[in-house]
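By letter and in written order, the chains are A, B, C, D and E; residue numbering begins at 1 in each of them.
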Amino acid sequence: MARVGVFVCHCGENISATVDCEKVAKESGDLNSVVFSTDYKYMCSDPGQTLIKEAIKEHKLDRVVVAACSPRMHEPTFRKACSEAGMNPYLCEMANIREHCSWVHPKSEETTAKAGDLVRTIVEKVKKNKPLQAIKVPITKTAIVIGGGVAGIQSALDIANCGHKVIMVEKQPSIGGHMSQLSETFPTLDCSQCILTPRMVEVAQHPNITLYTYAEIESVDGFIGNFKVKIRRKSKSLDENLCTGCGLCTTKCPKKKIPNEFERGLGNRTAIYVPFPQAVPNKPVIDRENCNYYQKGTCKVCEKVCPVQAIRFDQEDQIIEVEAGALVVCTGFDVLKPNFFPEYGYGKYKDVIDGLQFERLASASGPTKGEIRRPSDGEIPKKIVFIACAGSRDPAKGIEYCSKICCMYTAKHAMLYKHKVHDGTPYVFYMDIRAGGKMYEEFVRRAIVEDDTKYIRGRVSTVFERNGKLIVRGADTLMGAQPVEIEADMVVLASAGVSNPDSEELAQRLHVSYDAYKFFAEAHPKLKPVETNTAGIFLAGACQAPKDIPESVAAASGAAVKVAALFSNSELTREPVVAEVNRQAPPVFSTCTGCFLCEKVCPYQAIEREEIKDRNGNVIKTLARINKGLCQGCGTCVALCRVKAIDLHGFSNQQMYSEVMALLNF
Amino acid sequence: MIRLGFYPGCSMEGGAREYQESVIALAKVFDIELIQIPDWNCCGATAAHNLNKELSLSLPTRILALAEKNELMDIVVPCAACYSRLTVTNHELNKDKSLADKVCDVIDMPYSGNVNVLNIIQFIQKYIADKLEEKVTTPFNYNVACYYGCLLVRPNGILKFDRPEDPQTMDILVKKAGGNAIDWAYKAECCGAGMSVSRTDIVARLSGNIIRDAVERKAEVLAVACPMCHSNLDMRRPEINKFLKKEVDVPVLYISQILGLAVGLDAKTLGLQRHMVAVNLPEKKAEQPAPITNTIKTEA
Amino acid sequence: MSDILINKVKQLLSDKAIDIFIGHGEGTGGRIRPIFVRTPEDAEQLIFNENCKQSWANYLLKPEVKAAGKIGMMATKHALRAMMQLASEFQIKDNEVLALYWDNNELKSSADFKEIEAYLASQNHDILPHEQEMIDKLNAMTTQERWDFWQKEYEKCIKCYACRSACPMCYCHHCAAEGNQPQWIPVASHQLGNMDWHLMRAMHLSGRCINCGACAKVCPMHIPLNLLTYNLITPIQQEFGAIAGMKHDATYALSTFKTEDKENFIL
Amino acid sequence: MENQEFEPKIVAFVCNWCTYAGADLTGTSRIKYGANVKIIRFPCTGRIDFMLLMKAFENGADGIIISGCHPNDCHYSTGNFHARRRWVVFRNLLNFSGIDTERIQFSWVSAAEGFKWADVVNNTIEKVRALGPYENYKKINVPTLFAKEDNNE
Amino acid sequence: MEPIIKIIKSASLATIVDKLKGRYPRLYAPVKKQELVELEVINGFNDIAQDYLLTTQSVKKLAFPRVEKILDYTLQKGNIQQQSPDTSNFPETVLFGIRPCDASGFRSLTAIFNGDKPDEFYKSRYEKLIIISFACNKADAYCFCTSVGGNPGNTEGSDIQFTPVDNDEMLVEILTEKGKAVADLFSDLLSDCDKPVDKQAYLANVPVVFDVNKVIDNTTKSFNNEMLWINQSLRCIGCGACAFVCPTCACFDIQDEQNMKQGARLRLWDSCGFSLFTLHTSGHNPRHIQSHRWRQRLMHKFSYMPEQLKVVGCEGCGRCSRACPVDMNIKEHLLQIAEL
């Protein structure tokens, strides 16, 4: 038989002004199982809490009901007090007689009666409470950072510098991401490579960081603190331990006309290649699709020239399995595919390029050594048109969002162009200039005023070629929507930043949600900007939405702190409000029927399948099992389960049923 | 025999008779009967929709209601302006039920909002395109500049037809008819449209730019799908030539005429003699014209 | 038709393609009963005629039947739908049960879900006109009239649970009606206990009912129970686009949602 | 007694994160509403079992309020969407069985909608008061059954 | 007592019903309700079904109701009041027009309930019953009363039995003192039987299908014959229809129903066909499959009851087979056992 104590709080006059607290306390003393009841001016005060603690000891209470304010306010307070008196904290419940009673009703008998009803209801509930233990989950103190762009690099370094192990998984042969392709960065115009390369090297050399390039996430199982991750290390056709990175193979490879992805097709590379000179690791991979040996069966020049015999043609993809406590997803973004804007002629006219290609043209290490020369004939363009919002903010094109970085990099491009081609004229077609950020507006202003960039507010309808010139036709909306035609030598599209083509697949592998544009979704847009709805998986950088470098870096550090905080304890403590599938002795095992209709209902993929086997290993039954690490306790599965095989601790069927019965029967 | 509704609108009965003739003749080749919506009225394709919204919707609604009454659920509307008005009306009515009720009240006829309005290209795509290639007897092997104009593809959000700035559907049809649809820059530029009568100077300039670009890119024929475009590019040719300061005699044909020629219909049936700019297409050998890929030097 | 069936089953059994066959047999006074055939000789007892509309899918999960080995079954449209629904709830696996069914007077046999789905897709699955009529009639009543109608029906119920036993979808080892912590459904077959039971059953079958009508057919008290679940079929199909028992991998209508789901009663 | 205005018994089933918090806000804002409504707290609307609603009527509730987070605002991201589907079906079933769905008020009340909560409560009280006591259930509920002198069948 | 034999005009039945109605607080008779014939309280002769074989449910509910309250209690802290219903006040109840197999069914029920220690509720209700049965002049394919020791004119358990004979007349057998007291109400309508009537000639023909003693022997011997029970019950779906319509099935369940204030203890029909019937709290179920439950059903009626209570627990009414959703005709199964 439960021994319940009821403690009615006056909350100064907040409750007692309309509710006769003494009466409530006295009447609740008449309830079944209530062995002690009292009222007090401030239950949450030190003397109030002491009163509860002493009553627990004196009256051997094993259940406590505090009738006071909202449990959202003081439930932790009173549970802690009960715990200090040696009671299981989850055997303490609160009846909300302030927000839901004394404050919303006038002083009357009904109000007091209602307070009594609420107390009775919670007394009946608490009688069905079961002692619960906070869930402790051990934590594997290794983080996996997916993506080796600037966000991934920052995150990995921050976590590693906190003393935790980091595994970085990068899809490309080198880390560095899009930032390594950039020439200069706004608003300072410092060289991108110069600030990034040292950090790339730091990653490679950090004792706490294991780097897997040319690798992808194969699968993710488990839950916060205890992920099991399979990583596919694509074959580089190379023994990395032997390779010294001398580069002889890349110079001797006979296939030399392969468009270089790093140069966005503006330069060429060989079949065995290092994507760019500063690559980390600076060791080549063989692109099998373009390699003579893999395609035609003969060649092996690289093998012959390699001074250390590091080439391995028969090397296969390798799947490695690692354990991790947290994941940081920094997979970045992509730029809108070329044929998206047929009217702008990208892909049709060589001299229509996108922003990233311009970065390569402007880069001192790029295909033109930093000279702005047009791709078609290598001439220096004298008139250049930058088109902002190429795809962004355009519902007709399916991208309603602002890509955010284009205004700034377009201004930067115009500036870089002007700094390199002094007699050239840069034009910018824009919708609005969004230059919110430290020194950003000043930067754009400089492009306009100092570097004489012609900003035209309006959109471009079409770009076509006439007599060797690119005719950019648009409207100048500040001149009464006057049609404008500019005969340009080169056109640069600030193409929209979009999610990676494989982001949806990755999101499903990680069980994190994503938005309509396939960018990964934060758990809360404001208050949980680097968390996902899957505990233990964090986000940083442009995989969430287009972001500039400082934002990506800030998010990366934010995510790193979340990981470090998680790793600061050896165990993770969670509220035990989780669902559980009942278990019984054989031959029943559980009332669960194994229909798994609950599986899809769970927002957290917490419902797993458990096979019950006999001694010979034959499956007798397949049952649902709740992964306590993943379950957040919403109870949606509980209400769905036909056989009531699932129950929710803290809000169990018995508890809720008792509440309904108690509320209505008196 | 497929039976479809047909809404001619004013121009088909007047200045663009050859358009109607060619559409009907072409349909016939493919065993399609086009049935005029009985008692049809003006679509209201004037500036009226800027002045009185309900009136501008009531006129087309009556047409649609009549079509529905006669169980013509797919209607072919060759005139781009009529097509625009009818489609916009469908959109407005389906968007706002109370407005639909009000308009139906005005015309005193019920209308469900379900009549499917097809422009000439949609009609050909849906009912003819699949069988087109097998019916082609005389491939139309000329360089054709397909001109779409404005109303066929805009407003895109409502019409949801083709790409507004770089439409392709007519080009595909021309290619199926054996023609070479050239890549050019004025596909969807304004021809001057409603200024046809009031400001011929503007028409001459706008249409002139179109004709000039087409000719510069070696077009032998312009293909159109709108009577208004046709009249500006064809009838206003003297003014255009004056603006261009040279004599340009490139003919302007309706897409239905081009396809008609390709499937072996004769010039008379298709009403080619009714054009202002004489249609004197040079004899061509049976083989395809040398493909003019692009005039741009940079293209390899 | 019976001969074709008998020969087919004989062959299946002698080929050991199946170990037991569930089919229709002659019962008392012209009734149809399920029979279980284990030998080619016994197959002679099988019949098939226009009265053989019963679905035997509820036997597929019965332990004694499963223990007999590989199961073959004369399957009506409803039995096939029951199979698909059971499959979607992971109760039977592909190629586990061999279903024989008539497709345009041709006896087909398949254990392949895809084939069965294709057959089902070609069939009409509407509930019968007189049943729809009854539903419409009830829906046309006032709420109070409907209450009175059902109370009169519930009063008859003796809680023999034949409805549950005959339903192919009521396969739970431990029905919620038998749960007693808390006692959701009064065990007693008084009006309240009966109503609770029938409402709960209808709710548990919403989106899962394959309208075979077994519940009503077997009711010894002739309660038109099927109407309770049939009435939900149309709204679930219309609102959520879900129809039970058509796909072996279908998602249960109440296991999923669309953000744009419509309702008109939430403030 | 008979002349006294009928005071309906109403049970509110609400989720912890939105409506419960919204009702807390009603309290902190001191907005008044009828004392007939008593709240039962659930973690999420997805947890609300339809059987509990049946039990509420059986045990003498004249009306029921069910309330949770607005669509897309669920603390557990999707619990309310699942709940919404169930309600569509359950409401349909109740209606078909002759149970008065007018007595069940569904609503979305966020943690910021203290005023809305008071409105929902007061309107529901008014509505149920106009409908009167739920006699149908009172006729068949358990105490009545026991009161019968000889229930022979 | 010696039966008193009389003759009555069939047309007088309406008058008899009126007289019974005037004298006794409750009068039950078969009533047609759509597809069902149920034993219901009637207001007059016209309520009675004209043409019926048997009522869908048996008459046992009059002495052993579906739901019977056996205890009332109120709950207050530290004060639990309980009260048993008054069994002395059950009203006198006439069952008019039930069949001989139903009337004789009380023999089994009485053996079970009143065996060693009388069951207060059953006893009190049964004592208040006045049973006026009608002998059967027709039968169907499910009937097999003659195989289990009964017959269509069996008078056992009846107070009065009517048998339709020629000339719109009925043979009246007044069988008990209770019956005599009832018959006194309408003695003016009864005439003496001048010549002996061959009652048998007017009864339905129900052939004997099996020897019940063989069934009893073979059932007892076949407990371990797994395949027999499995094959017989393969199509059994485990519902409780058979048990609930059976005139002799007496298994029940005790349940408390309560809210915060009060509660009642109820006795409810139960069925050995339910898997829950023998389910232990531990999860173990000694009869874990349906064949075991079927075996139990037959063993109980044809082995345990004959052995312990000296009665066969079956009247051959065939209700279970009629109600069975899957046409398990018990006659066939018993025949199979008899022929083992």
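Things worth noting here:
Criterion: contacts are C-beta pairs under 8 Å (C-beta built on N, C-alpha and C of every residue); 3 or more make two chains touch, one makes a residue touch a chain.
Owing to the predicted nature of the structure, the values given are computational and were not obtained by experimental measurement.
Chains that count as touching both chain A and chain B, per the definition above, do not exist in this structure.
Averaging C-alpha coordinates per chain and comparing to chain E, the farthest chain turns out to be B. Using CA-based centroids throughout, the chain positioned farthest away from chain D is B.
Judged by contacting C-beta pairs, the busier of the interfaces A-C and C-D is C-D. Separating the centre of chain B from that of chain D, both taken as means of CA atoms, is a distance of 61 Å. One inter-chain figure worth recording: chain B and chain E are separated by 87 Å, centre to centre, where each centre is the mean of the chain's CA atoms. With centres set at the average Cα position, the gap from chain C to chain E is 33 Å.
Centroids of chain A and chain E (each the mean of its C-alpha atoms) stand 71 Å apart. Those residues of chain C in touch with two or more other chains are numbered 176, 184, 186, 190, 254-256.
Among the residues of chain D, those in touch with two or more other chains are 50, 55, 59, 78, 82, 86, 142, 151.
Only residues 75, 77, 259-261, 282-285, 288 of chain E touch chain A when the two sit together in their complex.
Remark: chain A residues 70-73, 96, 98-101, 103-106, 108, 110-111, 113-114, 117-118, 121, 513, 533, 577, 601, 603-604, 632-636, 638-640, 648, 650-651, 653, 656-657, 659-661, 663-665 touch chain D in the complex. Residue ranges of chain A in contact with chain E, taken from their complex: 30-32, 34, 124, 584-589, 661-662, 665-666. Chain B meets chain A in the complex at residues 156-157, 163-166, 168, 183-185, 188, 213, 216, 294-299.
Residues 342-343, 348-351, 375-377, 395-396, 461-462, 464-466, 468, 471, 473 of chain A touch chain B in their complex.
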